[in-house]
Amino acid sequence: MDLATLIGIIFGVTLLGGAIVMDGNAIIFYNLRSILIVIGGTLAGTMISYSLGELLKIPALVRIAFQTHQLDSDEIIDLMVGFAEKARREGLLALEQDVVNINDDFLQKGIQLVVDGTDPELVRNIMETKLTFLEERHGKGRSIMATMGQLAPAFGMIGTLIGLIQMLSELDDPSKLGGGMAVALITTLYGALLANLLFIPLAGKLKERSEDEILTKEVIIEGVLSIQAGENPRIVDEKLRAFLAEDVHTGQSAGAEMDTMAVGDNA
Amino acid sequence: MDLATLIGIIFGVTLLGGAIVMDGNAIIFYNLRSILIVIGGTLAGTMISYSLGELLKIPALVRIAFQTHQLDSDEIIDLMVGFAEKARREGLLALEQDVVNINDDFLQKGIQLVVDGTDPELVRNIMETKLTFLEERHGKGRSIMATMGQLAPAFGMIGTLIGLIQMLSELDDPSKLGGGMAVALITTLYGALLANLLFIPLAGKLKERSEDEILTKEVIIEGVLSIQAGENPRIVDEKLRAFLAEDVHTGQSAGAEMDTMAVGDNA
Amino acid sequence: MDLATLIGIIFGVTLLGGAIVMDGNAIIFYNLRSILIVIGGTLAGTMISYSLGELLKIPALVRIAFQTHQLDSDEIIDLMVGFAEKARREGLLALEQDVVNINDDFLQKGIQLVVDGTDPELVRNIMETKLTFLEERHGKGRSIMATMGQLAPAFGMIGTLIGLIQMLSELDDPSKLGGGMAVALITTLYGALLANLLFIPLAGKLKERSEDEILTKEVIIEGVLSIQAGENPRIVDEKLRAFLAEDVHTGQSAGAEMDTMAVGDNA
Amino acid sequence: MDLATLIGIIFGVTLLGGAIVMDGNAIIFYNLRSILIVIGGTLAGTMISYSLGELLKIPALVRIAFQTHQLDSDEIIDLMVGFAEKARREGLLALEQDVVNINDDFLQKGIQLVVDGTDPELVRNIMETKLTFLEERHGKGRSIMATMGQLAPAFGMIGTLIGLIQMLSELDDPSKLGGGMAVALITTLYGALLANLLFIPLAGKLKERSEDEILTKEVIIEGVLSIQAGENPRIVDEKLRAFLAEDVHTGQSAGAEMDTMAVGDNA
Amino acid sequence: MDLATLIGIIFGVTLLGGAIVMDGNAIIFYNLRSILIVIGGTLAGTMISYSLGELLKIPALVRIAFQTHQLDSDEIIDLMVGFAEKARREGLLALEQDVVNINDDFLQKGIQLVVDGTDPELVRNIMETKLTFLEERHGKGRSIMATMGQLAPAFGMIGTLIGLIQMLSELDDPSKLGGGMAVALITTLYGALLANLLFIPLAGKLKERSEDEILTKEVIIEGVLSIQAGENPRIVDEKLRAFLAEDVHTGQSAGAEMDTMAVGDNA
């Protein structure tokens, strides 16, 4: 599980729930009609924008956002450097027996192409085309979340307008104005909460996940082509780690930067 | 029919209609003047922005959004792989008799150019130019919808301003304030509904349709050039399927990803 | 005249005027001070943003938006295909006598360069540089309209703020609140109308005009270079029509798409 | 002086001032605290965003916006065509004596590099690098103005919120509500005026200035490289004027377009 | 310390604090629940958007914004020009003894690669890959700040909605309306202040820092490759200073421009 996403949602809900309860009666914040308008309207708008096939992926998208990122780039680089050594010693065909044991589909496909003696240009072509479509698929998932993040506040406002029009047109006793407005505003609140605590942050998280996955796939393409070209395993290692270095060391190096800077300050 | 679009609109209208009826008198939500201002203003602004020719395409645009996407990319790839085999065996001229039977205009034009012995560079040139203009035409259709999605809320607000100014300037009995405001707000509601339940989602749907069609056309260009180059049919097949693989397997692979991840969670 | 632009404005004004008159007293919508603030403020902001030379082009911009698009691309292609034939038969110098009769400045300049024996690379260079600056000039015209479309609502709001501050600070009789607010809101209405019925749609129309003109000029560049290269007139024709095909057939092909689809629906 | 900028500001201030005075008491629009909040908050936010060095350039930026554009591109082209002739006749070294008399730093540097016998690739490299950084510097200046144009309305709203909270929390006499709201709204008015009459239009003007200067520098790079390459002076002239043609003839040609079109209309 | 950032924050807080105190009771601006909603909600949304690793870098990001920029590009260029001279005289291997003394990690890595005899193409490859990931890391830091700058006002509005709904639904004594609204608006004020005085300006400052650092790294890449290519030290110097010239002279040259222009004005 990705703790940040889960903790974030629990923390946000607890906090806002607490703020609501702290000051009195929580029941006034529940309104079935408002839920129907905001969630229903958002779903309706999303259904019109995307095909059914895309919509059925929403639950999968949400689950992906909650998963810990498990691609171990270091392991994949070690694997590819090993292949590079073996290919240099025993030839590319010797990799055939390793193909079945690779548990990353993308790397497996790449090595298979190399073993089959496919032209390097075509290997790059096929793998980059696959990566391009992965990016597009990820982009579509993200854009569904972002669309929901735009529609939710819009339908929140629509619900409030409906409530206001009903309330105002039937207003005979001015003392009921306050209560009516309170009910009307609940829909706006629902829309704002759904967008800012759910849809927009989840779209952000999907973007981050996607970038990580694409980076790993770029490393794999570079590595497969280096193996095919029979490059020196040491150089393959150096080249592939350049892709990841910053990412892996970020925590450390950011800390290091800060330390040096802090020292500079004291001086 | 594209079920998602139709179901989305029916669902959205039913739901919002239900929410309105649920709480009382639906007749207060009908206002002829508001309809005139929002729809008329939106059409007027769109007419000024685009030429008449473009405007007359709006009904066709709406219909396209309701169509199920019918391009069967797999079938087109099979057809092209078949052409590649025939061309290798019997030469490019042998494709002449197949040209008339191709029921995709774009592919037909491409094969015709190949049969005519056009220079490959020029074939690519002509087909890519055609694709570029298809993209532009699609982009224009989408931008008409998006323009309407911007103008509708603007004229909704304009109608509310007109209503408020009239009501406030003639206000002698404060008890009528509520009813007057209710009527004034209806125009804003119409504008928001048209934009968020119709124009903006339809613009999104047109974008998705356009991307599908452009992808298929890119596959066709790649395939026609491979046929002309006399490439190995097996490799043509491999190359073209790389374009589609992710799209076709998405459902499955997303599911697969989830499963592995879910297993990882339980472990 | 471009009917869409004119009809759009007349339609919009009539409709909104009708909506105003329909419900009573139209005179309350006239306010000189509001006109001064919105139009004056918008002009002032635009004057600060652009140089005087640019501002004096506004009337010309507006007129362009009302013109029917008269560039006949088919005629220009026919002309260029004719030149290509003549150049092949009689040599490039034979075009000299035709130069003076060309009534498109851009094509004339191009053929003149070819007749002068200018290096093809330089011909492309000069013509593309000219086109780039045409695009920039068009872009500037459009951005003036877009700037006015942003400033008008801003000064509408500024006028309303001024009205509200005056009214509220002198409010002794609460019964006058309504009338005061009505007057204050008129400025916002003016700003919204000017932006959504005039400036923003006109900016859109200028964009469409510009795209048409640039497309024709791109066809001319391609044609002039083909003539200079002595390409086969039939291929020149084919290449240039690829640029326009979609544009010319749009109506038809959109209709055709619809028909096939409609048939598919009934089936 | 750039008349448009100055006239625009005077006109805008006069007009809005007039609109304020026209309807009564101008003194109610003066509020020291509102000035402090809007101007102070905008400056504070800008100071945090940019380094001190950048901030000290604001007065220079404002002055640049008021300057008439004085780069005479025609003169620079004449000068370079003259150099091209001299270089062809007497060799590149003959330009050495002219270098000190060039009063444009960028052209001077370019000719110096040519005289020094620098490799053409490196000349282009150095001059384009310089131009890139000029663009970045201009972009930064513009972004400071644009940042202020965003912060001013934000702090206007912040000031109004502060005023409303104070006023509402101490409200015992409802009849004072109007006056309190009037005062609170003044800050929003200040923010909107500063942004729409000053910061945003000045950012626009800086953009226009920057584009002019960059265009001239591009012409200089092209010219210096042509001189170094020993190109025919007549062709150098032709090539460089292609950059400027549209700009210089704009007024005329826009007029010409209109005339032909107008004639077409009458016909 | 970066004075602008610190002074900006102190100045902004003092000024707004002063404006609040000036007019009375400051205590009404303190509300614990509002702080919890705005800060808690913003943190929750940010946690959902980013992984835990990214969030823990926020304090480091803030500290970086407060640091004075300490990269002395001139010193680095001098160092590299020195290396270029030494490498020309004594060969690339002679640089080995200098590597350990370089206190810039990026330059050290580059020289090490050169000393190791790595292929120039690969040196550029590795260094540019590292730079690309530095840019991405910086971009992510900035986007965290920008996300917080968007979420803070959103949760400010959410808090105000919660407050309004509670207040209105329990409103029995209309005289308490003012006080209730004052409390509800405080959350909006907090959100607007955090965004406009902290998050958005800090995101801007991080962008400026990042651009400076990337520029220096680009200079280093260019320099390392020139050293490896054995270029003339004088030309290396010239080439590298072209990157920085504008930046270093900005103050002066902007001043110079102003002077000339001012003189032009007086004339």
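Going by the order they are written in, the chains are A, B, C, D and E; count residues from 1 in each one.
By definition in this document, contacts are C-beta pairs under 8 Å (C-beta built on N, C-alpha and C of every residue); 3 or more make two chains touch, one makes a residue touch a chain.
Which chain is which protein? Per UniProt: A, B, C, D, E = Motility protein A.
All values derive from a computational prediction rather than experimental measurement.
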(request) Find the geometric centre of each of chain A (Motility protein A) and chain E (Motility protein A) from their Cα atoms only, then give the gap between the two centres in Å, rounded to an integer. (result) 25
(message) Taking the mean of the CA coordinates per chain, how far is chain B (Motility protein A) from chain D (Motility protein A) in Å?
(response) 40
(message) Could you pull out the residues of chain B (Motility protein A) that touch at least 2 other chains?
(response) none
(request) Based on the touch definition given at the start, go ahead and assign the chain network to line, ring, star, complete or other. (result) ring
(message) Ring order, please: chain A (Motility protein A) first, chain B (Motility protein A) next, then the rest.
(response) A, B, C, D, E
(message) Please output the residues of chain D (Motility protein A) touching chain C (Motility protein A) within their complex, sorted ascending.
(response) 2-5, 7-9, 11-12, 15-16, 18-20, 22-25, 28-29, 65, 69, 175, 178-179, 181-183, 185-186, 188-189, 192-193, 195-198, 200-202, 204-205, 208, 211, 235, 238-239, 242-247, 250-251, 254-255, 257-258, 261-262, 264-265
(request) Provide the residue numbers of chain E (Motility protein A) that touch chain A (Motility protein A) in the complex, in ascending order. (result) 1, 33, 36-37, 40-41, 43-57, 60, 63-64, 67, 70, 118, 122, 125-126, 129-130, 133-134, 136-137, 147, 151, 154-155, 157-159, 161-162, 164-171, 177
